[in-house]
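A short worksheet on the structure shown next.
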Amino acid sequence: MLEIKNLHVKLEEEDKQILKGVNLTVEAGKVHAIMGPNGSGKSTLSYVLSGREGYEVTEGSATLEGEELLEMEPEERAAAGLFLAFQYPVEIPGVGNMTFLRTAVNAQRKARGEEEMSAAEFLKVVREKAKALKIDADMLKRPVNMGFSGGEKKRNEILQMAMLEPKMCILDETDSGLDVDAMKLVSEGVNALRDEGRAFLVITHYQRLLDHITPDVVHIMAGGRIVKTGGPELALEVERNGYADIMSEAV
Amino acid sequence: MMARAQAKQDALSARIAALALPEGLRPARDAALARLSGMGLPLRREEYWIYTDPARLNAAEPPALAAEGEADFFAALDRARIVFTDGAFDAAASDDLAQAGVEIETLSDAASRDIHWVRDFYGSLETQGQTPVARPFAALNTAFAADGVVIRVTAEATRPVELVYRSTGTVSDPILHHCVKVEGGAALTLLEVGFAGARYNTTLEVDVADGGRFNHIRTQGRAHERVANTHLFARVGAEAVFKSFTLSANGILTRNEAVIELAGAAGVAHIAGAAIGEAGFHHDDTVFITHGAPGCESRQVYKKVLKNGAVGVFQGKILVRQVAQKTDGYQISQSLLLDDDSQFLAKPELEIYADDVKCSHGSTSGAIDETGLFYLRSRGVPEAEARVLLVLAFLAEALQEIEDETIAEEIRSRLESWLL
Amino acid sequence: MAALDAEVREGVDRETVETVQAMAGKYKHGWETDIEMEFAPKGLNEDIVRLISEKNGEPEWMLAWRLEAYQRWVKMEEPRWAMLNYPEIDYQDQFYYAKPKSMAEKPKSLDEVDPKLLATYEKLGIPLKEQMILAGVEGAENAPAEGRKVAVDAVFDSVSLGTTFKDELAKAGVIFCSISEAIREHPELVKKYLGSVVPQSDNFFATLNSAVFSDGSFVYIPEGVRCPMELSTYFRINAENTGQFERTLIIADKGAYVSYLEGCTAPQRDTNQLHAAVVEIVALDDAEVKYSTVQNWYPGDENGKGGIYNFVTKRADCRGDRSKVMWTQVETGSAITWKYPSCILRGDDSQGEFYSIAIANNMQQADTGTKMIHLGKNTRSRIVSKGISAGKAQNTYRGLVTMHPKAKNSRNYTQCDSLLIGDQCGAHTVPYIEVKNNSSRVEHEATTSKVDEDQLFYCRSRGMDEEEAVALVVNGFCKEVLQALPMEFAMEAQSLVAISLEGSVG
């Protein structure tokens, strides 16, 4: 599904290398987790994959089902099936959440040459999916992420994911700022979307999210590289011993 | 149209009939006189004078004035005092200029030298400040200023320099012009205290080179009948900091103009004013800040407390040129009207040609907060005191612009004593 | 039901954005109607004023009024204080009267109007048949027909073609007709109110209009009547080198209510055309008037060639106690816009509101805003202005809020936001605030910023392309004003926002 080869990335505005040769393959139907200390390059990886400005790829490639991602516009990546759940979802004043969702759904459908969803069908689907995430009608009406609590914002990201039905989902620190209940809701939302044709890359600092979303593979990232790969037990090891041991081992 | 142009010229002729161009700095003075002749003097209802009638500034004679009798400001501060009495340098009353810790001379001394930086500097920022809006009284100042100080700062000044204005006569019309050059990385605090005469016209030109810091604190005296017309022209270099605060109380007419250009990247300019006045008080702050370089920050904070038919005017502008990306511009002008006869007239402007900017302005006007007043009284604070507290709270944002705690505290306590 | 409506409406933004996407990004009303016209000779003098008056079959008093205005005008100077830069206008190089030949005999009803003219309005989506509703509104057919009727006065160059729903309105006592008809049929009302809000000598352009206005709309809502449908005037400039000078007079008698819509378009031409209109509104005790404009005159091309010079004086006199006037405008067209719809809050407890979206793209220049003159006690005003600058455009908000000494306990709130798209344009704010009593409270806030990159990226990461993302974010920025518009206009306005900004990114 997602194949990253020898990815080197620096900041556009300053001479600072952030990713120094990331190699990663995520297969369809699998959940991969990336863990790592602050500043290891986890979030940069998610931004570079989704096409945010400010980064320069100096070497390497990233493909989604064989298509080179790095040369696409952000919206083309979305249409190709990539979805990033933001660590800090953006607030957009004046734009209704529903409007936003519908615009996004139909833009992607159009890009893929599919029929648009009718207003009635859209309403039905949105309500159903919102209900599962305990997103009420009021939240759907309010402007995108405006005045949402941390938990509401993250649930809203998952709702977008559920509506857009991407193939490759990247969750960037989706657990940050969540209390236990919200984490459960979000995780259930994610688990409901797990299937054969879809892959997940869960980026997190702590192991606790992985109690709810069980990964198939866990990677440890440090200093802009993946330094260790293992099964779910690797996450538990981090939880017990912290990153220091693994990092020294890796060196 | 012709008639108006003629009237402006006539006003000018009448105003300068009794003035003579002083010796020294003649090329700059002649040029200023030529500028002035091109402009004439402002008349009522010109766009730039919509809220302030320039008649008192145009009048041939200044008003008569009773002496003030205010205690000296900043007595607790170690500072170098330069005294001007009735608009003339008063060597006897002043501290030794050589001991000031910075290069400091009187304008007339500096002008008498064959080689001096002030020859090129004098009037240069004023000239630039004449566009896009003509400021005839500043040109008049450059042409006719009798004296002033010339300061050059090459390092961090160890103590503030204080310009003390004293007025003994009941009728006087002094014109003073000061030039300050803060070199790269140097720093100076300049205090201006008192009123120079019944009607005074002062100009301060300040160049703050890259990385320099200039702090300006001014108190304008409390004489009720005085007329003041001041101009502050500043050029702020890269990563330089310019800050100015003015306290005004009373005055039948005060027009303080400030023209500041942020000429180097990441420069900072803050300008603030607190004014309180009553009956016949007319106070006008007219500010023009130009962001001419990227990444600069500017703040304008003006607060006025008006009573018994006092009039407060604020005309403030932020101009952001196309090069000035990443500009952070803030402007607030507020007035507290303590009774129904007072007026607040404001024109807060933004003119923006760069897109990556964050600029905002706010302006409010209203009465004292009755709920706040009631709350304080319900906690046992007598009404008069509660009002003073609320007025001081209203002025607080402007006072916060004063960096030095000692100075801020003195200004706060003066204000409190005047209000009580 | 209400909730569903809201959702449908939410859904419509989306449709709009899409429609816009499908369009080529060009001014869509730039075509012209090929029709034989009758022109008055070029230029302006007393004879032209007499001719216009005669063509309209006006009584002597009206001609005298026009001539007085003309005499004033020749002595006036064109104002140049706005932040607008345009070459000198040659007032002698214009036609001041142009009328389709087929209108020589005033048609008795719209059915008799030249089919070419009717087709013009049909193409613009303006319903001149009474069973029609305003075109382009999805879902409108589900709404109750009663609530959706809009009476239209169609003004083509210098003349009104006719008004719809006249009979039905007459039953309610509402007079809705062209101003030329009102001058003939209702002279007592016209005499009483014409020029009572915008005096003949008000300003250069209003004085010009007073001398040469050729037609426009007249509305009178009698005491206690709530106008049974929305009224609208649709202005179309068609003829070349012809100025349009329409005059609108709306009188809402005690306790009356009316919502009035105004639309404007013009063909795409290389030369500039002059439009100098005057709108006067009088609101008596407890009356309420909503006046909404979608101004979409031809803006000129991306190099600044052609476009309408739009100099408009709009003013409402809230003469009665508790009267209320709300101006909403969406200004997307014109090469030059000079326009300050204002409220004189004379009656105690009267209210004025001004909601504005001004979009300037390419070489457009807009200097627009409002005046809120508080004279009465407990008067309220609210100003919400959203300015968007793109391309090489200059966009200025200019406003005045005055609290007179007698306007005790009054309030004003002003919010002025500017959005910049690209680094070649300008956004300016010039408010004048005059407070002359202390029981009134005035609050003014203004911000200027660029379109938020994070918001655009967020939209794009969800699959929208850049222009779609900009349209969505800008529509969000304007939401508060769009919501103040009647529904039909809100749709049109949203799509206009998007169209106007096409080509502004990338």
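Letters A, B and C mark the chains as written, and numbering starts fresh at 1 in each.
Note that a contact is a pair of C-beta atoms (placed from the backbone, for glycine too) under 8 Å apart; a residue touches a chain by one contact, two chains touch by 3 or more.
Here the structure is a predicted model, which means the values were calculated and not measured.
K.L.:
Any chains in contact with both chain B and chain C?
P.N.:
Joint contacts: the list comes back empty.
K.L.:
Of all the chains, which has the CA centre nearest the overall CA centre?
P.N.:
Given all protein C-alpha atoms shown, the central chain works out to be C.
K.L.:
So, what's the distance in Å between the C-alpha centres of chain C and chain B?
P.N.:
44
K.L.:
On a C-alpha centroid basis, what's the spacing between chain A and chain C, in Å?
P.N.:
Here the centre of chain C sits 47 Å away from the centre of chain A.
K.L.:
Where the centres are mean C-alpha positions, what is the separation of chain A from chain B, in Å?
P.N.:
56
K.L.:
Using the touch definition up top, name the residues of chain C that touch chain B in the complex.
P.N.:
81, 403, 405, 408, 418, 420-450
K.L.:
Which bits of chain B are touching chain C when the two form their complex?
P.N.:
47, 50-51, 322, 325, 335, 337-367
K.L.:
What does chain C use to touch chain A in their complex?
P.N.:
Residue list for chain C touching chain A: 3, 6-8, 10-11, 13-14, 17-18, 452-455, 457-466, 468-469, 472-473, 475-480.
K.L.:
Tell me, which parts of chain A touch chain C in their complex?
P.N.:
Touching chain C: residues 50-53, 73-75, 77-79, 83-84, 86, 89-96, 98-100, 102-108, 111, 119, 122-123, 137, 141, 143-144, 160, 164 of chain A.
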